[in-house]
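Scrolling down, you'll hit the structures one after another.
Each of the two complexes below includes chain A, the first together with chain B, the second together with chain C.
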Partner chain A sequence: MNDARSDFAIETQRLSRFYGDRYALRDLTLAVPRGGVHALVGRNGAGKTTLLRVLLGFVGPSGGTSRVLGEDSATLSAEVRGRIAYGTEEHALPGWMTVASLRALHARTYPRWDEGAYGEVARRFHLPDARRVSHLSNGQRAGLALALALAQSPDILLLDDPTLGLDPVARQTFVETLLFVGKRDETTVIYSSHDLDEVERVADDVIILVDGGLAAFAPPDQIHARISAWILDDLPEGCAIPGLLQARNIEGQTQIVVLDQGADFGSRLEALGARGLTPWPLGFDRAINAFLSGYGTRRDS
Partner chain B sequence: MIQVVTGDPRPIFKQIVDGIRLRIASGEMPPGTRLPSVRALAMQITVNVNTVAKAYLELTADGLIESRKGVGLFVCEPRQRRSDSERQRLLDEAVAHFVSDVIPLGFEPGEIVDRLKRDLEPLTNRIAKEPGK
Partner chain C sequence: MRPLLEAEILRFRTAALAGAAAHAAILGAIGTFGDLFTASGESVVLGIVCYALLGLLLGVYQVGSYRRLGAFSYLIHRPLAPARILLALTGAAAVLLSFVALLPLLVAAVIFPTDTRNLLVAPLVLGICLAFYLIGVFLVLNPSRARFAALLVPGVLLLGDVSTGGAFLTIGGVLLWLWILAAAAFKPDLSTHLDRPLPISALALPTQLVLLKGLSLALVFIYSLGVAASEVGWRNIPAFGWNDHFPEDTLHRLEYLSGGEALASALRRAGLNPQFDANAAFELSPGHREPQRRGQLMIHDRGHTFNDQARSLRFTFSHDLMLFTGRVRRTGQAAGWLGPGGYAEGELPRIRFEEVPEVVDGHHLVSLRRVYSVSGRLAVAPVFEAPANEAIVAVVFPEAGIEPAAVLTDRALHILAPRRLAIPFEGDVRNLSRAIVAPREGELLVLFIFGAESDQDGAPASQTLGLVDRAGHYRKVAEMPLRQGPPAWMRHRSVLLAPALAFATEAALRRPLPNPSLAVVLGAVLLSLISAALTGFVARRRRLASGWAWSLAALLAGLPGFLTFLLLTPRAEPPRMPLGR
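Our next item is the complex of A and B:
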């Protein structure tokens, strides 16, 4: 598959990355089709940042392969590299430059520069042209990074925890920009986030990483539908609950969260001796939290 | 105005479906009402446009709204909304749900029917005044 017009924005095969004897990614196989907003979700250390860094060619794989727009990410051509935009949580922009001079520099650098998209994002974040980057607020700096990235008209936009540390207003503006500015059909957005409420609103698909491997890749409502929760009074000692993600005691009752159990789960559990079983539907946020805490067991090497 | 909240056990597209369904049922959105475009509603409630598109698709499949080419989406006339078999199925479901809720309350069946009649009475009068369905 050396075709530069690959149907996939990103394709990894058994991708691994070790730091010393610790792995950050392990046997990650993932194919992200072109277009759409994909949220990268996982606990700290699950491999989100490492995955983005491998895709950008900042670090090479220890094993397996990683392709971006059909090219090996370790040896990206200048042409393909120019079609990828990247934003980090640090919003690393040169502090001594003014907003206007940074915009001008980017406009000269990127052949597909979209002045309209830049202007729209700049307006939304109230970016003052004459101000030095070092004097911008956190929200404005994030807005500037996003404006510069979107105006490149990238085929792929990679964002590492872009709303971290932003106040609610800047966060809302960021999300609206991500959803509604630029040529939404043509750009594949992959962004990592810990804000699951935001992910539910924004993402076409959620990519869940657990321990450096792929745990789920599906639209938010589909992942949500795999997870159900119940309250029960009494559970026999040593009873193994199928698909258990999380169990906790609340005032003498037990709340359990389970994965991939059908509609007959209640009757099956009652057959095992459980009493007082009541469904306890969870929102997306809490369901995914339970998934992250309970999916798989730590695979120590 | 449709509202979605995160933390709700229903997925966002389902909250949109339920919100519009409720407004149609309550008469707040009478037949012929034009719905906001997919993009406009997505922007109003800050969600992904595909989520709104999915909700509109379900409402269309249920016969509650219809698309008029090049014009937009509109609330349908009530009689177009469902087939007779679909209406029968939904009635059976609703009754089964109701019955399972009231059994544990320990009323006599006659008492339950009388209570139900009281709520259906205004409806009977209204239908009598508007011949048709």
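Our next item is the complex of A and C:
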């Protein structure tokens, strides 16, 4: 088995993908270890969907390489395909089939089919066997897609923004299922999402993509710890703030968010002439938002 | 693979049941109120179009529904190789189409008495349905601008007039060809073009042929416009009478003249008196059709039914019996047979037709070597029998029901009245355009015009004038070459545009090979070199690794080769920034 030689479920080396004049992935080097839930975070157009599609072999890379379970993703064998489950935001399933017939089809298609896992997820989403897929609600369709994916007993589960458009209850059920069923099987879950609260709760690691490149890959608390926010009364004209991600004026005061500035940041800024400096608690979602909005600009400048 | 195949069959089960019922009802209605297996050529073509559309719609809808819903990733991402997924879909389509198209046809062939050969129609229909199903799949999946060229693949292979066995080989070849295309298009990344040599060649060939035909037609249009403008000026082009402007002594002018006018023109050119009895003149044009053979497919049937108005009987030729079998028109009840010995009832006649006859003008039967007349009492009498090494290509009847005046075989013109006479002609009957006969003061004037295949210059264009004197002796009076109207580059436009394709097409159709002048050959070589160079240049700019292969193809296929390259290859996606940081 190819994948026995690798500790990583997914490896990319300088992976690039262009669509005409525009790049979607740029020089992306990534190694995702086996097991755990890894959240893929980035702004629209950052390359999340393209990365997942390259990993599945749906689009070929323009440069570099990508390997999934030890195989080149552009030429995945049927056997490895069977060990990768994939879900999209549309939860595109054949609408003409009933839930039961679709379950039967998948049970006969996938050699590692786990009826227990299917049943557990199906119960959580109250999936009616006799109903056509096209007649299911959006949440039920998402649940069916997740049930089918998890019952494959996949080594890797790739989910592209699976909770988009779901109501809060369905979203909650989906995330809980992912946590309790997905983690139990030691499956490597990579899922992209814009819901940062959900990411903080679910993910073991966060992969942040900015402009098609890798900006960060670490556990949520580690990334959170690298980002700090401060409020200050006055800042001298022309003063360059190191590691600045975001700056805003609120009621005469300036709020700044900075990256990788350590505990002595306050004293260093005061030495530059800043006055009234106070640390400001920053939640995970706002920290990542500031990171996403400021990282590309900071890097380019 | 099997679960997917079964799921796809179940998916369309209701539509398949409805389709099969409708098909059976239509066949039943035709079989009850008409004759199902002796349909006219137009009806057969309409039927083929319907079956082709059925296959095409199934392919487009079945695979298109996965693509339309964004579910193609769902379809292709499973523990099966893409080719096996396509095989499952195609297998399901084959089962469904067998149920909808093949089964009702087989049932109809059993219910309505017909020749054994007609049982073969059903599997051929299934083959046609499947061929167009694969075309539908390819059209849905391939992003190339030239993907519609796949529609021409069946046409490319069906150019020839094939026998029964050949039809199965042909449809097998078509299915294999289309499978190569569909399997190459059925891949995870639908945005990429075909990238392997075999499927690219399978799509490039029909594309090149279509482009060759299109460019050739464009040249004819431009040339014709230029001729018209030079004759009457640009403003008067709508009033230009084309046939008046062909130069004298050209084949094209003779083709526009009536038989009498053409004969008068030949007499004048030979320096003879152009007076003759124009009202009694007649002409024969070879049909250039394949002779009818025993056991042939019904699509090749011609004149297979004979109607006896007096008894209200309808006779249909049976290849199994080699006799016409009669039925009462209103009731469909069996009513005897019609053979070379005439009408018979009760016992099956022993004397049968040796060749498959064609009913002509409602009173005559014409087979490969024989002409029979059928009287009002259904008595059949032989009228003409060609020598053993000759095959009849045309018969002229002065009026319906009157005995034939002349028979043209592939070697001679046989005059039947007022006395029998055989006039052999030199040259290939396929190149014979017309034979014109006219009486003059007890003699017969005979004019053979050759050049039907001279457009490619592989065969000469000429006219041979002869005279049958009062004693019945034939002598050749004059043999006059005909000039070609358009210039050499126009006549050899196919060679000029795509030399290898032009020669290959003529060879495939078993026609004389082109024999172009040195100037045309040099022009063709120059154009091919320019096409190959342009292809190489663009391929280099597009960073295509297969540029040399495309250049070689353009060298052989000329301008259509270059245009095909432009249509089938993607524009490169060069990196817009250095990859390293």
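What we mean here is this: the second predicted complex is superposed on the first by the 289 of 301 C-alpha atoms of A that agree within 3 Å, B and C clash if a C-alpha of one lies under 4 Å from a C-alpha of the other, contacts with A are read in each partner's own complex, and residues count from 1 in each chain.
Basically, a residue touches a chain if its C-beta (ideal position, glycine included) is under 8 Å from a C-beta of that chain, and two chains touch if they have at least 3 such contacts.
Please read these numbers as outputs of a predicted model, since none were measured by experiment.
Asker: Counting touched residues of chain A, say whether chain B or chain C comes out ahead.
Answerer: More residues of chain A are touched by C.
Asker: Determine, under the contact definition given at the top, whether A:272 touches first (chain B), second (chain C), both, or neither.
Answerer: So A:272 meets neither chain B nor chain C here.
Asker: Which of the two partners, first being chain B and second being chain C, lies in contact with A:58: first, second, both, or neither?
Answerer: second
Asker: Between chain B (first) and chain C (second), which, if any, makes contact with A:239: first, second, both or neither?
Answerer: The answer is neither, since A:239 touches no partner chain.
Asker: Mind working out whether A:179 is in touch with chain B, chain C, both or neither, as first, second, both or neither?
Answerer: First partner only, chain B.
Asker: Quick check on the superposed pair: does A:27 touch chain B, chain C, both, or neither? Answer first, second, both or neither.
Answerer: After superposition on chain A, A:27 lies in contact with chain C alone.
Asker: Once the two structures are superposed, pull the chain A residues common to the chain B and chain C interfaces.
Answerer: Overlap of chain B and chain C footprints on chain A: empty.
Asker: Would you tell me which residues of chain A are touching chain B in their complex?
Answerer: Residues 36-37, 172, 175-176, 179-180, 184, 196-197, 200-204, 220-221, 224-225, 281-286.
Asker: Looking at the complex, which residues from chain B come into contact with chain A?
Answerer: 4, 6-9, 11-14, 39, 42-43, 46-51
Asker: Within the complex, which stretch of chain A touches chain C?
Answerer: Result: residues 14, 16, 18-21, 23, 26-27, 53, 56-60, 62-64, 78-79, 81-82, 84, 86, 88, 90, 92-97, 101, 104-105, 108-111 of chain A touch chain C.
Asker: Could you list, by residue number, the parts of chain C that touch chain A in their complex?
Answerer: Spelled out, the residues of chain C in touch with chain A are 2-4, 7, 10-11, 66, 69-71, 73-74, 76-81, 84, 188-189, 191-192, 573, 575-577, 579-581.
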